[in-house]
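Handing you this structure, nothing more for now.
As written, the chain order gives the labels A, B, C, D and E, with residue 1 at the start of each chain.
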Amino acid sequence: MPFLVAFPLAGILTGIAGVTVAIPALRLHGIYLAIFTLALSILMDDLIVLAEPITGGVAGKYMGGVEIFGHLVDRWGTPEQFFWLVLAVTVLVTLGYINLLRTPLGRSFIAVRDSEVSAQAMGIDIARTKTVSFALSCAVTGWAGALMGLYAGAFNNESFSVVISIQLLMMIVIGGLGSIHGAFLGAIIIGFLPQFLSIAKENVGALFGGSTVAIPGLEFGIFGMILIGFILFEPMGIYGRWLKIRTWFELFPFYRKDMFKRQKSYLKTERLR
Amino acid sequence: MSAPILSIRNIESFYGPIMAIRGVSLDVRPGQIVSILGANGAGKTTLMKTVSGVMDPEKGTITFDGEEIQGLEPHKIVQKGIVHVPEGREVFPLLTVNENLSLGAYTLHDKAQIERDREMVFSYFPVLKERRNQEAGTLSGGQQQMLAIGRGLMANPRIMLLDEPSLGLSPLLVQEIFGILRRLNDEQNMTMMLVEQNANAALELADHGYVMEVGRIVMDGPADVLMRSEDIQNFYLGVQEEGARENRRWKRKKTWR
Amino acid sequence: MTKAIRRLAAATALSALASMGWAETQGVTDDEIVIGSVNDLSGIFAAVGVPATKGANVVFDRVNANGGVHGRKIRYVVEDNGYQMPRAMQGYNKLLNRDKVFAMLQSLGTPMNLAGFKLLDPKGIPNVAPLSAARQMLQEPMKNKFTSFSSYYDQARVGVKYLAQEFGGDKVCTMYLPTDFGKEILEGSHEGAKEAGISFAAETTHKPDETDFVGSLSKLKEEGCDIVTMALGVRQVITVVGTAKKMGLDDMKFLGTSASFLTVVAQVPGGVTDGFYAAASWQDLWARADEPAPKAFIEEYKAATGEDPVGFSMLGYAAAEMMVKALEAAGPDLTHESFIAAMESLDYQDDLVGNHMTFGPDDHQGADTVYVNVVENGAWKKVHEE
Amino acid sequence: MSLLEFENVTLKFGGLTAVNDLSFSVEEGEVFAIVGPNGAGKSTVFNLISRFYDPFAGQIRFDGHDLLQVKPSGVAAYGVARTFQNIELFEHATVLQNLLVGRHRHRRTNLLSEVFFTRSARRQELENREKVEEIIDFLDLQAYRDKMIAGLPYGVRKVVEVARALATDPKLLLLDEPASGLSVEETTDMRWWIDDIRRQMGITVLMVEHDMGLVSGVSDRVLAMADGAKLALGTPAQVQSHPAVVEAYLGKAS
Amino acid sequence: MDNAQLLISGLANGCVYGLIALGFVLIYKATEAVNFAQGDFMMLGAFVTIGLTNTEYMGLPFWLALPISLGIMGALGYLLDRLIIRRLFGESQTAVVILTIALGFVIRFVAGLIWGHEPQTLENPLAGKEVRFGGLVLGMEDVAVIVVTVLLTWGLYVFFSKTKLGLAMQGASQNQLAAYYMGVPVKRVQGFIWGLAGVVAGIAGILFAAKGSVDPTTGLLGIKAFAAAVIGGFGSLPGALAGGLIVGVIEPFASRYIAAGYSQIAPYALLLAVLIFRPHGLFSQVRVKKV
């Protein structure tokens, strides 16, 4: 099957998979939904192994380059082409996303998030909205998976583990929750951080004249500390920091230090639905 | 006239960059009922929250019984005898009515006293007794309001801060609640600071009134004097000539603006 | 006949080498050789990757301190893959493009290695002694791939055969995690049962977070299993053996592979693991702590790192020694071709791991022996080799 | 035919009867108020119309449709909009976005045309915005158009909720305590707005309210409820002077 | 007979899940935050005790080490709240969730740094002893786990429902503002509960380390315990125990009777089934909001 057919199809199929997941998950909220999806991801691992004829089981599958209009796009052979392919997909998806957010469907997402009762009273079908959101996010993730496969060249049941899901979540936190900017900023940081750390590690090692001795888990440790730092000092992520800097310049010289100081706030139970 | 038990001087509070109260000063004397009137967003609730410590003031002092209490943690302020009765949605929804009342007496230790108080609350609000084993979240809006007031009474406060006790209550209940407040003031000499939209009832009950607009106190005086003021009558008591329909959008300028 | 063809191939390779003699080999400068590794330093196999890396560093530091190999210092760059595919790919990328490594040593993880081959093979970069005992480590093109030891498959196969002959069991069963590691051992157990002429009776599957094995052991008991091979996490192996003892399944022989062949497994307090078998492709370190080679290693490792070595430290050390030997044999004119030729010429007795390492043009697996060991009084004891 | 008909509706929660054999009807074009003590079942009537609860017995018809046959999200499609006693706005969105959500029942586009923002999607957005701006003008919300709900004062939120309900272009508007917590000044505004909603927009209004001044000022008919059942029904003056209503609800003074 | 054995060891194992789940529920019940590092706390508790007890480390007598390590764990829990979590007071619980996930990374890193990555077993007086009745065998550690878990669940249940402080904690989780209005020192109460959760994690860790062995990744068991808490209906203490027991019992029966390849997914499949049919767990703590 040509890539240009297979690729959209991948999104559609994962979208359908998203729908099948969404239907039983419709009545779930918060932690219940979180653990539901977590359990699913654990199950998925085993399903991939069980579905060996399709998935190649533990041995996994391999993916070479693909041809688009006669251009060979291969991670290893023609990295520039690969880059353009990924960039194009990312830009298109982001544009679609922005469009969605300014049209009825996108607004109904916000409505369902903030108040299910009044969304219903506005004529929004909660079940359908949630299902569509699952389908869309799964479809986009499916494309990401396809590109990831093209990037890694090989994938099996362990390629896409829970740890990656957690990492993705962390990306969003570091970038800034709930904004497209934040997602990109976070992805950039998380993408470069491991490489940056290992480079830094070598240089530090060289500085002290020692060898590049590895400390087990150092990266995750540092990663965790950076995250804790962000949540404590810049809960809005890098994007939030950027907004503050922008405000500072916009208002200069009228900026007050406590402009973003939070007044005490208090939580109420989320056990009422 | 006795010395004020609660005295607020030049308080300023912020929500982020927005100044919600801008230098408010007021006094409450022992045994007095003080009403604060004002439009929505004038800063009345913010003022109360600042007194009870759930918001920090940026400037100014709050003196209670000779001690400065501004910026103290809220539970310390409760221990000193200031109890804030929030509007009705602030009950503990998954606890029973009885448990809500017990928590009201959190700072007290005399078990017999607590049980007496509980019976007193039940006598004021019989419906709460009927529903004492029901989860508070399942009560109707008005019943939650009653529970919030009853819970405040359980703390045996020296001064009660009441935030819109009549919100969402039927006219009959509003009368009853204000009757209860009156009785508390008469029988137990309870000091109260009251924020109300129902200015009629509030001024009727109060000894002294303050009017807040956009974070400032713009007017104050004994309740009966305020009730006679033309501005108050126009803007807070709803006493206005039912003019011709054509004039209905015409708004009189408030003299203090 | 085949020999002639091979010689011809070697000759063409040589002439090809000569024709691009100026082409610089990546990762080699006048004073440095860069060796890379994509290892797990933080994920679920950190307990393997970390000591192995330290062991290798001990060797490289010593060699560097003594002036390096043919005047070149060795720089060993280890990337952490956290046992994740995308991280592994990033690691390979960095090593190949930024560090321009000459060869890879001790990359961990079967799927990660397999994916890495896609990058290594086109550049002909050698992958030496990967920390994976899967058979695919020597898949085609085999030219640039070298492993030290026999695969899990062979370990399970030989172990089952030994136990069958020794104790006359007639039913083999396998407890495994459904991963590449588990499947290898499962297949090896099947093959071992076939070769021993007994039957394969049952299998049970598990999750890495499973902590209770009463159910699966009852099932195996019900099926009448005599020999149980295990492809589980280390903690789980200990629990399984302990639980079986409690349940009184004394006739069941448990067999692990090199993945369970760890000193800690033998040293579990209370003799819980006594009587547990492990088929591995090297010999235990601490059981031979008094023999000269292990003793010297333990001392050197302790002096360099300040801690006691474990089995994987020994493997890392041995792999690095092998790398150094090959680099030395390749001579001062170091290219991939000269290195591969040197690797293929290696033939030495490694007293530390207790193996004879031989390579040849069609033998890229160093040691072929499988050692069957048993825990006795808190230590591993070798009972069989094949 | 009446616009909204309740016919012998009964609803029980566990052992508790929340609505007891209630019948009433709302005529097109009128302002109909429900009054009654706290816990009388007034909000429950609204929630029945919104289909949040299934009645135990009885019929609810709107504009000739059997309401009991539709899902909660289908009620809006018939032209019923509502506000909530405790304000249920979309907190983390702007006033404008809240109002645009109100337009959701008029959505003609599908997922694909929205993702690609096709001509029809663009045209629809323009129409929606136009309609919403009309309502913003009508309720004097210009100053708050791009403000987040989370930071707005209580009085403004109440108005925004009415605006959002109006954005759906309803035939029937349900207002649950529109004046509670409002100052006298704001209540007066609300009163004129309700009047305009009925007169200028031709929308029928059904409201629950405690402020008898507002109720008698704008409503044509009043239903007084107690314990889930009908206590009295008639003009504001009739109901206000009904002895049972005075005893259970209004008390001495009024 | 066979099944009785499966049941009883499943119960013992389920109690371990229940113990960790108790920690989750404790914090949730008092603060409505979810501490995703609870499993890592347990691992830490196990290692702290190993560090105090085992001969290769400090070699203290077990019964002396026990209170010390529980004290350390309690202090760690309290300090965590005091120094970190308290700064997030009043912020969305998502922040706490992500923070504790990150904290888990850090704890695993630190534990690996101190105690290494190889599995270790706690030297304890119960090791190797077992109880037999009829043909059933149960390790002494298993008996200890069951007894301690049941007592602890009962004790905490009484604490929450009968004592003033317990009531105050429940109130504080439902409405922080109102709790303050009642004079409940909400932050201090939360610090106390984090400390208590640390102690519970310590107990779980000690029992777990005595029963099997621990390494720095042991904390990932927390995911399964979290699932158990959710099955029970997050926020209910008896629910946590029930959920733990269900998961614990389903495991041995699944691996005994369900075909290989499928048996290991049984607990997760069960979790999905429970959530589909009872979206808020068996002992649901979620109510419908009145509008």
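Operating definition for what follows: a contact is a pair of C-beta atoms (placed from the backbone, for glycine too) under 8 Å apart; a residue touches a chain by one contact, two chains touch by 3 or more.
What you are looking at is a predicted structure, and each value in this text was computed from that prediction instead of being measured.
Chains that count as touching both chain B and chain C, per the definition above, are A, E. Averaging C-alpha coordinates per chain and comparing to chain B, the farthest chain turns out to be C.
The geometric centre of chain B is 43 Å away from that of chain E, both derived from CA atoms. Averaged C-alpha coordinates put the centre of chain B at 29 Å from the centre of chain D. Each chain gets a centre from the mean of its Cα atoms; for chain C and chain D, those two points are 73 Å apart. Multi-chain contact residues of chain C (touching two or more other chains) are listed as 42, 46-47, 50, 178, 207. In chain E, 109, 112, 117, 174-175, 177, 180, 216, 223, 261-262, 264-265, 285, 287, 289-291 are the positions where the chain touches two or more neighbouring chains simultaneously. Counting partner chains per residue, chain D has residues 43, 52, 84-86, 88 touching two or more of them. Chain D meets chain A in the complex at residues 50, 52, 71-77, 81-82, 84, 88-93, 97, 100-105, 107, 109, 111, 114-117, 121, 124-125, 128, 164, 168. Here chain A touches chain E in the complex through residues 24-25, 27-29, 31-32, 35-36, 38-40, 42-43, 46, 49-50, 117, 166, 169-170, 173, 177, 215-218, 220-221, 223-225, 227-228, 231-232, 235, 262, 264-273, going by the rule given at the top.
On the chain D side of its complex with chain B, the touching residues are 35-39, 43, 85-86, 151, 153-156, 177, 180-188, 192, 210, 212-213, 248-254. Interface of chain E with chain B (complex): residues 164, 167-168, 170-171, 174-175, 177-187, 285, 287, 289-290.
Interface of chain C with chain A (complex): residues 39, 41-43, 46-47, 49-50, 53-54, 57, 60-61, 64, 75-80, 82-87, 89-90, 94, 98, 111, 114-115, 118-119, 122, 136, 178-180, 182-183, 207.
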